[in-house]
Amino acid sequence: MTRAKASPRQAAPRPLSAFLRALRAIIWKDLAAELRSRELLSSMLVFALLVILIFNFALELDARARATVTAGVLWVTFAFAGTLGLNRSMATEKDRGCLDGLLLAPVDRSAIYFGKAIGNLIFMFIVEAIVLPVYSVLYNTNLFQPGLLLVILLGSIGYVAVGTLLSSMAVQTRTRDVLLPILLFPLVVPVMIAAVKASTGFLEGLELVDIRPWLNLLLVYDVVFTSVAFMVFDYVVEE
Amino acid sequence: MQAKPRFLKILDVVTAILFLVAVGMVFFYAPMEKTMGQVQRVFYFHVATAWVGMLGFLVAAIVGVIYLVRKERRWDIVGLAAIEISLVFFLIAIVSGSIWARPTWGTWWTWDPRLTTATIVELVYAAYMMLRSGIEDPDRRARFGAVYAILGFISVPLTFISIRLLRTIHPVVIGGGSASAEGDFSMTPKMLQTFMFSLLVFSVIFVDLLWHRIRLGRLADKVEQLRLKMVH
Amino acid sequence: MIIVRKLIKRFGLKTVLRGLDFQVEPGEFVALLGPNGAGKTTFLRILASLSRPTLGQVQIAGFRLPDQAAALRRRLGVVSHLPLLYGDLTAEENLRFYARMYGLEQETRRVAEVLDVVGLTARRRDLVRTFSRGMQQRLAIGRAVLHDPDVMLFDEPHTGLDQDACVMLDQVLSEVAARGRTVVMTSHDLARAADLASRFDVLSRGVIGASIQRSQINPNDLLAFYRQAVADGNGAGSTTARSQEVRP
């Protein structure tokens, strides 16, 4: 034991670096665990592809109609698959009591929130990165436009910011998995609407000035809800 | 706090009277609207209940913040009461809106901003109740309820704006409307009086119901306390 | 080291801890005994800073809870009956994760040291998912001592372990305790507690009903002592009685 004993009055050393270190550790931990089991990603992916398939049959999309509903189909897919990811990510913390392990560490609670949120975001990005080319191929449309990618970025951030907080709550209730979509979907309506409209705008080649209001809305939502979520996170995890 | 406090008894009576007067005003005092006919009378109560429903949400959000800061149980009871009442009021607003819409626009439902937002808000209320029912520990239930009420309340303006940016056919009665809003009508002085009065009456009804519901909550707590004492 | 005065914990309207007093000197190993539902786990969670007291004072290593909880956590090691380990990571990775969370320097060396202490060096590259409960518990203790805490809290660590695993666990526990650490361990298993602890407290009806030093009692009489304390607690209500002497 080479560390000297700290006296009770000593302040925590350099809180920002401790925060970042904990953040990196949590993200690394989630990615490493997922890389091993691949449970989360595979279930999200399979589910996403199934949803696209169902839409294909349910909507009888001809080439013309498809253009207008592409954005809608994509975002519904992301929303549903996202729920799976959010649930699983928090469930692993809850099941083995690991959330307590995180709470016992001498780090700010917000590090836990951001760590989980960024991890969830990365998983969503991975799923989106696979769904986009698949959809492009299946329907012979090019979805890799910078505008669309921007919308996906902003939309996913808003969704995950609220979703991470709500999944922390849902996982502590009896009705767990079922509860998250019920809690989440009414609150992310602005994200869904703005994301779909902005995506459609970019896909149809509208002027940026027409799309701007939707992008602004997404930005406002992201900022507002990320701040609120991280402020109330303490109350959700601490007893 | 055993018997009903005197002030509450008075309030009950006042509320009942006000309500009867309001009903009278709606049917007899306010003139009939030119284009829409009798069904337009639904409007007075429809807007009033919607307004009060939103008020309830505001109350729940504020009380939620207070609870998180002070951790006193009574704020949780207020929050729950507010959401419960708002749930019912919003339901009335949505249904009355439907009744109004049918003869006016020939459809039971319109996907316009106000109605759609109202439905989403109603779903938030329902989600709130479901969240609470899934938690055993009362403190956690109160905390989570407070958090969700706050989040829900903040989401409402954003939700409304996002839907508003889409098309609308809902009458923009107050605050002027864009040219695209159909079914507009301007209010004569008598109509305005009836409208304002209905608004007042429903606010009073809200306070009355809230008070009753809070008492009920406190009573339930007392019973629970007694039960726990007996068990030990 | 640990000072608790008039601790009250309520869950909604239910009071679990009713004005509990508790004091532990540095280096003591206290076994906290009590019937199910007495509030042992609740009490331990409060000491572990995972739960807030409703009323009362709690002070550990000079830090007041809940205000100075963040500073305290550095000095605290906790083992609950859930392993607090990630099944999809290896033993080594689990420890490395916690080492980072605690901001330890010389991560690799420390992790290796701890693996050695708990006797899991051979299995360090294996996924925790594949570990038996006994091994998980040992790794959990490893996780708890990683940052060299002064105070350790164990919540029924022997739960679900077979005889051999218990023996191994006791070995680790003794080693861990031997370094002058202050330990509070809740337990159902009087025999095991008797071997490890220097003091026995009984938590009954939300307060510490009785407390006795190991030196003051014959291990054979421990069961009687415990039963008496619980019976007293049921009869006398919520008054606190301290240090009852029991004739051997």
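Lettered A, B and C in written order, each chain numbered from 1.
FYI, a contact is a pair of C-beta atoms (placed from the backbone, for glycine too) under 8 Å apart; a residue touches a chain by one contact, two chains touch by 3 or more.
Keep in mind it's a predicted model, so treat the numbers as computed, not measured.
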{"item": "Innermost chain by mean C-alpha position", "value": "A"}
{"item": "Chain located farthest away, centre of chain B as origin (C-alpha)", "value": "C"}
{"item": "Rounded Å distance, chain A centre to chain B centre (Cα mean)", "value": "32"}
{"item": "Distance from chain C to chain A - Cα centre to Cα centre, in angstrom", "value": "37"}
{"item": "Cα-centroid distance, chain B relative to chain C, in whole angstrom", "value": "50"}
{"item": "Residues of chain A engaged with two or more neighbouring chains", "value": "239"}
{"item": "Contacts with two or more other chains, residues of chain B listed in rising order", "value": "139"}
{"item": "Chain B to chain A touching residues, read off their complex", "value": "68, 120-121, 123-124, 126-127, 130-131, 134-136, 139-140, 143-144, 146-148, 150-152, 154-155, 158-159, 161-163, 165-166"}
{"item": "Residues of chain B touching chain C in the complex", "value": "73, 137-139, 221, 224-225, 228"}
{"item": "In the complex, chain C residues that touch chain B", "value": "11-14"}
{"item": "Residues on chain A engaged by chain B in the complex (per definition of touch)", "value": "162, 165-166, 169-170, 172-176, 179, 182-183, 185-187, 189-190, 193-194, 197, 213-214, 217, 220-221, 224-225, 228-229, 232, 235-236, 239"}
{"item": "Chain C-touching residues of chain A, taken from the complex the two chains share", "value": "1-3, 5-6, 8-13, 18, 21-22, 24-26, 28-29, 32-34, 36-37, 92, 96-98, 100-108, 238-239"}
